[in-house]
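First, the structure itself, so that you have it in front of you.
Each chain carries a letter (A, B, C and D) given by its place in the written order, and its residues are counted from 1.
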């Protein structure tokens, strides 16, 4: 982990409910330092871009060979030669640069990106990540750039709901889904709480509409506070 | 070795003396197929360029990051940003391309150059090359790109005098100088004869002012004929 | 010898691709996908192919059509499963297609290694995951790595923007993706380009793929003019 | 955070370089040599340095002056011996300088590996030569390779042609050489450039070193104007 935590003690936001997807994206955006080089994973993480101020100086990387990626393309801006990692047409900002795939992943693997934001099926308290494969016997495996992103960025932020649809926690003592990376996640942003994770276990930074006590009851991991 | 030999039997040119440096350069140039990508080592091998026809379509590579290198720069053409591997100012031909050092040596190491022409202290009948270090105890070692070139090109041609100043042969059973590369040379162009070398030993293609018998007497290796 | 040839038909571009070849196919989704060359390869008929590409075909065209025609034995890719990858999905589920899933960066780096003469390399990606199982591992300076080997192509089919008579290529925006890497990793590289320009008309500082890596060029704009004329 | 800063003086450009640092220095001969930054480093005073560069200094200026000032403990390079490398020669012969000679391509590839997160790689260059002695070897697919490890820099000093406010760099002709590779391999990369241009004035297709690899930029033309003005 490279980015320091601003909070000095754990805060329970009890005067509100869980974060909406949009609020969650805003929370992640809040914690990305000005001028960072950032990769936003496919799906929900792309929403973070909408909350990065124009004056943040944050530069977006897309694995398919670009720094300086702009917002999604609209109408006549759509150019089939210019897409993001999710193959969605995007725009180019002034000062952008294009490069080929080996150079793009060298940039990731070499630790040059400051932050990568990914979705997840499960994260362990130690920072292991599972986000590429449900492990279902008939599932077709498809990894894309997930493993490269997981081990590459200086900070890997995960963005997810804290509980699966069946109510089971997705922040777990040990991932039961196939791993994407070992000990790679530094923060887990969820609708119910923000956690630091890693070799020292999980630390709660903030909760949203849930007390530490409730969190402690519903998770199977030891929780530390700031 | 990738380039086939045109001659069907060994020819003894006895009506003449040894090749001049210029004639030797012309001989090497004669054997480089049209359209080849070629790297010419520092020193004598650069003379080969003067004998490549303008319509040969041969493209010169220089290790310091260029394809499409032209002749040496004259007068106001001199540009300190445009030199060959010997740091001599050169010119750029239409259709040239520049690239950085890792890409330049990837091109060499990956076997994409057709021919490389190098000087040598010694070459063994098996194709081992010694051209970077005399092994003298007080010599400062300096290898540059010699080892990369030796193992990279599809064909490595050596250009040298057949005998050292003391009369000892430079085509030897086994190199006594420190090696640059093992089993890497395919042809040895000398003032006295042209040899194919490699795992099958040395084969004489042409002699210049010397008979096979004389050659055989002065060299300590077994000589084959075509 | 190895200078690039400008070919005049898709058939000529893919001539000689043998059964059993490993073919690297550029593109990330549709960006940079050499659609005309893939169609020509289907027409050409080579079978028992190993295809190396980021994806494994969409809908019913391009790579999906090649798969549907039964020409492919094995796919090496990072992301076969997409919302419209039903051709691949069906063949894979029925056991008619071998699949090697490779992390996207490893796919690129393994081809880069092939082109750069690297015998193998220690890579941190995938350590501790199912994709590293059975692979040699090593700890270097306290970090764990997996040993990865080069992926070489017999042929590469790539798409680019512009070629000159030397075979130098430039690409356009994120359509660059795998093209430059694949061009270095194949014995024979075949590029479809949107236009060709005269010698000296590509800035030597801006060349992305030097002509040394390109063997055959199919100019799609010339092809379009031919079709209009005929 | 990591965005490039345009600095206004050579002293600011090299500020903070610590004793004992490993410094990658660009250039091939004089082409691409960051002369102003090297002079500033001499002025700055850091000592016990390990210098990684293709050569080991010419005449009495630049790297040679840094060596002569006694600031360098070790040189890692491919070609120290030149007709006018007398400063290096003298220090080396008197045992005051450690030398590691590396084949030129391995020097570039080992720095590339550092920048690309590769733990080590099997390289065919140098097999069977004195420079492979003591190194781990392996035969892969019938060819022999030597295991080579990354060379990382604490700092890289490089020369380029043009920078924009993002830190994107382009180079000029063969002065490009080691600059782009070194920029990726150092914790802090410092570039001297001949000019800076406005945002959007470098073609995104022609960027050679993306700004992510550049930390500080010294604009030599601005420096020249300052000197004229003062």
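Please note the rule applied: a contact is a pair of C-beta atoms (placed from the backbone, for glycine too) under 8 Å apart; a residue touches a chain by one contact, two chains touch by 3 or more.
Chain by chain, the UniProt names read as follows: A, B = 3-oxoacid CoA-transferase subunit B; C, D = 3-oxoacid CoA-transferase subunit A.
Predicted, not measured: the structure shown is a model, and the values here were computed from it.
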Practice prompt. Spell out the chains that contact chain A while also contacting chain C.
Written response: D
Fill in: Whole-Å gap between the CA centroids of chain B and chain C
35
Fill in: Intercentroid distance (Cα basis), chain D paired with chain C, Å
34
Worksheet entry | Approximate Å spacing (C-alpha centroids) for the pair chain A, chain B | 55
Item to complete: For chain B, write out the residues touching at least two other chains, lowest number first.
Response: 92, 98-99, 106, 108-109, 152
Worksheet item: Do you know which chain D residues sit against two or more other chains?
Response: 109, 112, 116-118, 123-124, 171-173, 204-205, 208
Practice prompt. Determine which chains touch and list them pairwise.
Written response: A-C, A-D, B-C, B-D, C-D
Worksheet, complete the sentence: Seen from chain D, its contact residues with chain B in the complex are 28-32, 78-82, 88-89, 92-93, 99, 101-109, 111-112, 123-131, 144, 171-181, 208
Worksheet item: In the complex of these two chains, what residues of chain A are touching chain C?
Response: 62-66, 79-83, 87, 92, 98-102, 104-106, 108-109, 128, 133, 138, 140-148, 151-152, 178-182
Worksheet entry | Contact footprint of chain C on chain D as seen in their complex | 109, 113, 116-124, 138, 140-141, 143, 145, 149, 170-173, 203-206, 208
Practice prompt. Mind listing the chain B positions that touch chain C in their complex?
Written response: 33-37, 57, 59, 61, 67-68, 92, 94-99, 106-114, 152
Practice prompt. Within their complex, state which residues of chain D touch chain A.
Written response: 1-3, 112, 114-118, 164-166, 168, 184, 199-200, 202, 204-205, 207, 210-213
